[in-house]
């Protein structure tokens, strides 16, 4: 049972965050403070929540982008923009979610969200400016 | 052009919020303070932003549910749960988005979000408890 | 010195909040928990900060309306809408500040702010709907 | 293993929330949406996190009161004021934490926190006004 | 009509943000994602909202400083401190608004606001320390 | 009386923040804007609030860590992690408070809080990774 959960955690983490530089904020950091707790948190969030199948992974990640934009959590937003791309969201869809957040969270969080999106896309070598 | 925008505003508002009681917080209230400004705001948000087609209406509304849950905006969340149902999101998908928000916004906003969801579904006559 | 501060506190409180029902959230409540601390807080906020003269009282209160709207602090917003009226802000100026907050805090806080403004103006017998 | 976690969850929940009316926002509500997920969330938060022993339960609950006050989460704050009393925090300590939160979260969240504290203490039959 | 709105947008932007380095977060960035949407957002916020005349521009900008301070939106705060200076607010008035925000948003947002104000004034060559 | 308060302010500041680099955000900055107001704020927060004895200094500082983590105020959090260590909280207790905040404020604020804790402990020469 526990092995099954570990495997689901590993696979889901791989699916969402493969190739993403977590910049010292991820699982490795948590482990530096408390190894057992780090494992429990990771298995709950990634293994139990993120592996659910009521929403598609793309749907879930666009909702993560929405939430992290209005909360202005720049580093986690960067990670989930990568995850959204990893599970098939287009650059246009990601930008659109961020633009729409000005309705709920105001213009400043939209602006910061776009900056983060540009940076994440640059990290992936996918940044292309829109032509008129 | 302006007529076209007015029509798009009207149609999008109808699509999203048909049959929804806005409980004195919506367009009618804004007009009680300033009729011209109310029209401009409505045409921008509903006519220009909500009518865009990069995201499906269902996708956009689930992102709205995500953002409004983590921001703990209960009344607007209620409206957009109605809108999400109006454009085809299932009850399970809406609940799933709210549950997932505990990752980004913490447990209290998830709990309040579920309360709002239950109320909105009751208003629609769609509330059914899950069997074991 | 202490007497001078007490007097300034009393006069400033009178200027801003005369005739306002604080609905069990004000100074009387704080005193029910700790009389000495309640006095210190009141003398600092009302006596030292609110009595300053770099900004006009009207300017200060409109800034309070702005901050409390974007933070969605409904009860304190109600009190400061009364205070803004007490020191000479017009109904139109107060509504305008709240409308503008959609830029910084998003539409939901603007909507809640307008509801609070309507209620506060009704409490004062000053609510008048705008004609077209 | 799973049985052990269930038992720890049950005991910790009993320790913290015995006799507390969760007002339709707690575990019972979550189960109405999704029974399996409700169990996983409860076992993670209550069974794994709240049962840890690095902090005393009193220490943990006063920190919960601090966080929920500055976030202005009134219903969850009510629950954790009950929990704080259940694990030995005094009324004075709880009020003191709330008062101190004006430094980090501003006066409005302090005021709302005190209102919630008064209500929770009244629910417990423990409300006593301070004499001068 | 559309031309009139474009002209009002251009003039208002010039009035508020002339000489201000928007540090890659402004209109140019939005256009890199979506040119048409960037134009619509700019015309709504700058052309329709910021050009209104119920409040003086100075009054509006001091309210923007208030809101952006309590929300801790540092980059947008920097821009609106420049705008406030551009429309006639004094350095003392801007600092006073930020100081007062400790009442509504707590001390940390006041401290960060003062840092931003110092930086913005330095950018303008207007930074002068107060003598005792 | 005023001398007594000044002395209490000085002693409490020394107790909490001795040896801490406030990185241009502290009392010195406030004085650059307004010397008299800086003194009043400092005497109220440090002299009157932080010197109270209902809570132990360790308890108060752990509550400060809790509040500043969920509010995501990184610079003030850094200062109060130093203060918590200065008054006797262990590294494990501080990390535990931050970990627990994922319940109330979500995972992103926990992650940022841990980063700040690592940095503060490094500044003190007290950073030690946990062994398995």
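Per-chain numbering from 1; labels A, B, C, D, E and F assigned in written order.
The working rule: contacts are C-beta pairs under 8 Å (C-beta built on N, C-alpha and C of every residue); 3 or more make two chains touch, one makes a residue touch a chain.
Being a predicted model, the structure only gives us computed values, none of them experimental.
Peer 1: For subunit C and subunit F, what is the smallest step count along a path of chains that touch one another?
Peer 2: The fewest touching-chain steps linking subunit C to subunit F number 1.
Peer 1: Taking each chain's centre as the mean of its CA atoms, which one is most distant from subunit E?
Peer 2: It is D whose centre lies farthest from that of subunit E.
Peer 1: Any idea whether B-C or B-F has more C-beta pairs in contact?
Peer 2: B-C
Peer 1: With centres defined as the mean of C-alpha atoms, identify the chain lying farthest from subunit F.
Peer 2: In terms of C-alpha centroids, the chain at the greatest distance from subunit F is B.
Peer 1: Examine where the copies subunit D and subunit F touch and state whether the two sides share over half of their residue numbers (same) or under half (different).
Peer 2: Same-residue interface.
Peer 1: List the centre-to-centre spacing of subunit C and subunit D in whole Å, with centres computed as mean CA coordinates.
Peer 2: The mean C-alpha positions of subunit C and subunit D differ by 30 Å.
Peer 1: How many angstrom lie between the centres of subunit A and subunit C, each centre taken as the mean Cα position?
Peer 2: Once rounded, the distance between the two centres reads 40 Å.
Peer 1: Roughly how many whole angstrom separate the Cα centroids of subunit A and subunit D?
Peer 2: Measuring from centre to centre gives 30 Å for this pair.
Peer 1: Please output the residue numbers of subunit F that touch at least 2 other chains, ranges allowed.
Peer 2: Touching at least two other chains: 37, 45, 52, 68, 70-71, 73, 76, 99, 102-108.
Peer 1: Across the complex, what residues on subunit A touch subunit D?
Peer 2: 1-2, 37, 40, 44, 48, 52
Peer 1: Which residues of subunit D touch subunit B once you look at their complex with the stated criterion?
Peer 2: Those residues of subunit D that touch subunit B are 24-26, 29-35, 37, 41, 45, 68, 71, 73, 75-76.
Peer 1: Give every residue of subunit C touching subunit B within the complex, in rising order.
Peer 2: Interface residues on the subunit C side: 72, 95-96, 99, 102, 106-109, 111-112, 114-115, 117-118, 129-130, 132.
Peer 1: Mind listing the subunit E positions that touch subunit C in their complex?
Peer 2: Against subunit C, the touching part of subunit E is residues 45, 49, 52, 54-55, 59-60, 62-71, 73, 76, 92-93, 96-97, 99-105.
Peer 1: Can you list the residues on subunit B that touch subunit F in the complex?
Peer 2: The contact residues of subunit B facing subunit F are 70, 102-108.
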